[in-house]
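Here the structure comes first, spelled out in structure tokens, and everything after it is commentary.
Labels for the chains are A, B, C, D, E and F, by order of writing; each one numbers its residues from 1.
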């Protein structure tokens, strides 16, 4: 994490298409998502000879770009694509499951430096609850916003310091689950620690005590 | 002329198309203009199943709507069109040819009540002069703007009143050419008079004099 | 059928929306199609205060317009919709199932006067065959185009006249299945006849013979 | 109120413009809003001769349509507009000011039949609080959602029935302020009553008591 | 050919334009295509101050980018352009002229590895035939699809192996015409050979025989 | 200046957004312009699951890209942005204030090599004059076009050569004001010279004379 954000790369692959119908483009979007594109989108463009056309774009993770360029060549009418390597700047993301009266809802949080700058319930969870309960999406979001507000958790380290618990994250290489937290007594920002370790007991003066104990009001 | 504008009707014919390529839509636009549509245009729309599509619209003069609806059914893939009768409100328009150093340029003027609210050279004239003289369009427009400024003409009626000459118009039914002018001494607004009559001589006290004489500074 | 087309009416219902996310609009499209809208589509528009927004439009069959207007009010953030009654002009449509090496494919035909002006395989059939056989859509269409070409069928009436068989249509009120056909010996255009009647036998000179017998080359 | 919605009419006025710059169109939008258009918006369209163009649309209240059509003719380059009278279907709306820790916030509620189908804080209030407190819009909305949840108020009529208070509305003709409420003990839907009357005292068995008394938990 | 595709580079040049009319942009598209841009297109964008605007983009072959950037600066109102060097991935393309009842039609084929993944008649040929014969484009395409199906040609090498003939290609550097073909008896994929050599005779056991002889059914 | 244009770099930062309303996007545009983005614009795009969405783009001067990427992460709902370093090709620009009957108007001129290829009054000046004088924008532009035509100034150097004065420019590093001019007697193109020096007197044969003296007709 540099300056509170995560850096990476992504390939943007584009093709201008004026000889394929909307029906077939709709089908191509699904196929390309199925082939592993990170995102696929259409922009309406205007080409020569009064042709309304579509610019198909997709994002490919590094290593997938050649395979996905071929997929565009195979599943659309285009004879060529162009490809751009872009830098990527991302928020650190943590995800946590919050219990609500309608069951668990995953909450995504985005962090810039040590600060939570956004917090959103997973769209698919909101949609499922709305459908199951015959509620509009906005009502479900309001219900979750109430619930997740109460979900802010604080822990006290056995040495006395207090910390805000921000959720868990997975290590991109080892897939190990880590707890993300930050001290409330200074500005040293974000810290991670293996989840098993965060919740394990430690021996202090001959007694087994939790390393971090939740603070209940 | 009611309140300084001209009223009429026009039919707007539309079809949403998701099973025709941009290439073919470009060709269809030309065909429909050739069949007499007053205007043809495309809007990019987004239909079900992730389909990027096009809404084709055209304007038909009253009496042409059935024929043009059939032309859309014949020359596009759509199985049905929808049709709306709209009111139309238009500026009174007069057109005049102004002499410039590059030859004659038609100037369109739009009038609201007795006031000229817009004045534009014909696009095709501007384009021709730009091409013939290797000039950018903006330079040609500036040149014409200079020229047409000097083209404002005033006339004195043989009884003494002064009038601004605003150009000529054609009667929609008889195709007769009429002069459009307005008095400068009151607010009675626009008047038209047959062009032959405007420029003819009248006999005043036994002498033949012009009905209207141009005022040169 | 008037001038070879079918006339009707349809309601177009629209709302400009700048306070709903794309995620939620995507969900609303599905809901409104589920509620019986004939078509639902989005157009990108630009509203005041630099807001990129969406114009949601739908078509409602006469009688459904009030219910669907309420559905828009319920499932989107808009506080009001506008509604337009439009004329509709449609091709007469007939549908026929053509046998191909990959199974039956429905072919839609659109007719203007007595002329077939378009002929398209059902998109969903093309898509299914493409998926089942790992073929691109264009290859399946080409295969069907070959097949349906051979599907043109001619019949000889027991009195001797020859007719082109164009498929079947359903009566909008009675849902009765009708055969659509046209004489090949004059220009009297399209005719329909109940399907049972078309294919039944008639007694001619004491013998039971088919009313129409297919002509095999 | 018919079927729980309000009906009316609105004029949609449109012009396709290909001879005006984006700069000038941006200025025209402001002018037309200033002249009293209910809404003004742009759609990108594609016209003949490969021209990217803009369809300007506006909504005019009945009685304003001629004046606003002239405003379009005066403030844009178009020589003609088309105009459509549309039906309008709207939710009944009530507005209420809710006290929050950052001051009063107007809450709009939309009602379909007797049911509140949407509830939104006024955008300008949200924006002001966000600016004054250096908060993102989403945080302010969450704060208000919390606050307005607690704002649901119930009253007991002196005869014993309980009612939900839904806010106040103004009578379109008399501008009288009315309270909108609904019984909680049956399904008879929405009721309005002059605000002065709702909050006045009545004499019951010789004693002055409130007609409706708020129920505090 | 690497992985069955051709790699290259192309420059994408863009400018956001809010001070030029659609009329003039339509003219600029033609000029830029005339100056050698590989493609020119417009996207509708929304800029500050409520301005609807256009992003003009073009593709320039390497070596043309400086000249075409200057052409944009000269023929539009923009004061600056931005420029991106993109990778390009293209199908190998071969073109062949197929004889149909309406004359020769060029067929483009795109190849991925040794496989023909698309096959399209030249749009201009389809359009010409449609115009000359008063046929819709779809009917002409169907007719060609039938015709080009029969055009698949197989050859037998004088040593006995059978090959599918896929058309001819030109060498990008020498402009030499090459035949593209593939063996039908193994999976070794695509081969090219100078056209003169493909069709020349060779001397086998003292006799002059064609190197490849066409197989007629 | 290389080939008559100025080269540089600019960062293009983009994010596809489907979970933010148009209202909030309009507010974000203002915030990002306030944070120093060179340009901010929206394109309507179509994402998966039938979602109409917006691609937000901005241009950042080199050195500002990390800060502005963070601003997008903070002020929109996106969890990640992509970033592209682009080349930039710009016209040399000079600005001059021309006196008109309505006060000073800044005229921007763009130069390619030694040639003025565009000349535009500052939009904000045109708008201000239009507002103050109740004139349409087009009339103000025509008035300025007349005025700035007369503003072309020629100077004679004390050694006799004649020069066209093209306005003033500021040095990007020192902010020194420079006069931009070009000789009328040869093709050596553009020259700059400190403004103080251009207008100072020099001593020639014992007499103080202006280095450049304006030529009045």
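The rule we apply is simple: a residue touches a chain if its C-beta (ideal position, glycine included) is under 8 Å from a C-beta of that chain, and two chains touch if they have at least 3 such contacts.
None of these values were measured; they are calculated from a predicted model.
S.K.: Identify the chains in contact with chain D as well as chain E, in label order.
M.R.: Common contact partners of chain D and chain E, which must touch each of the two, are A, B, C, F.
S.K.: Taking each chain's centre as the mean of its Cα atoms, which chain lies farthest from chain F?
M.R.: C
S.K.: Which chain is most remote from chain A in terms of Cα centres?
M.R.: When every chain centre is compared against chain A, the largest gap points to B.
S.K.: So what angle, to the nearest 5 degrees, turns chain B so that its CA atoms land on those of chain D?
M.R.: Best-fit rotation on C-alpha atoms: 120 degrees.
S.K.: Could you grab the centroid distance between chain D and chain F? Build each centroid from C-alpha atoms only and quote it in angstrom.
M.R.: Distance between chain centres, rounded to whole Å: 42 Å.
S.K.: Based only on mean CA positions, could you tell me how far chain A sits from chain E in angstrom?
M.R.: About 40 Å, centre to centre.
S.K.: Please tell me the distance, in whole Å, between the geometric centres of chain B and chain F computed from their C-alpha atoms.
M.R.: Distance between chain centres, rounded to whole Å: 35 Å.
S.K.: At least two other chains touched by the same residue of chain F: list those residues.
M.R.: Residues 19, 23, 27, 29, 42-44, 46-50, 52-53, 74, 77, 84, 117-118, 123, 136, 138 of chain F each touch two or more of the other chains.
S.K.: If every chain is a node and every touching pair an edge, decide which shape results: line, ring, star, complete or other.
M.R.: Shape = complete; every chain linked to every other.
S.K.: Tell me, which parts of chain E touch chain F in their complex?
M.R.: Residue positions touching the partner: 16, 19, 43-48, 53, 55, 66, 69-70, 73-74, 77, 79-85.
S.K.: Which residues of chain C touch chain F in their complex?
M.R.: Those residues of chain C that touch chain F are 17-23, 25-27, 29-30, 42, 44, 47, 49-54.
S.K.: Provide the residue numbers of chain E that touch chain B in the complex, in ascending order.
M.R.: 23-24, 27, 74-75, 77, 123, 127, 136-138
S.K.: So in the complex, the part of chain F that touches chain E is made up of which residues?
M.R.: Within the complex, chain F contacts chain E at residues 3-5, 10, 12, 29, 33, 39-44, 59, 84, 86-91, 93, 108, 110, 112, 117-118, 120, 123.
S.K.: Considering the complex alone, what residue numbers of chain E touch chain C?
M.R.: Listed in rising order, the residues are 44, 46, 48-50, 52, 117-119, 136, 138, 142, 145-146, 149.
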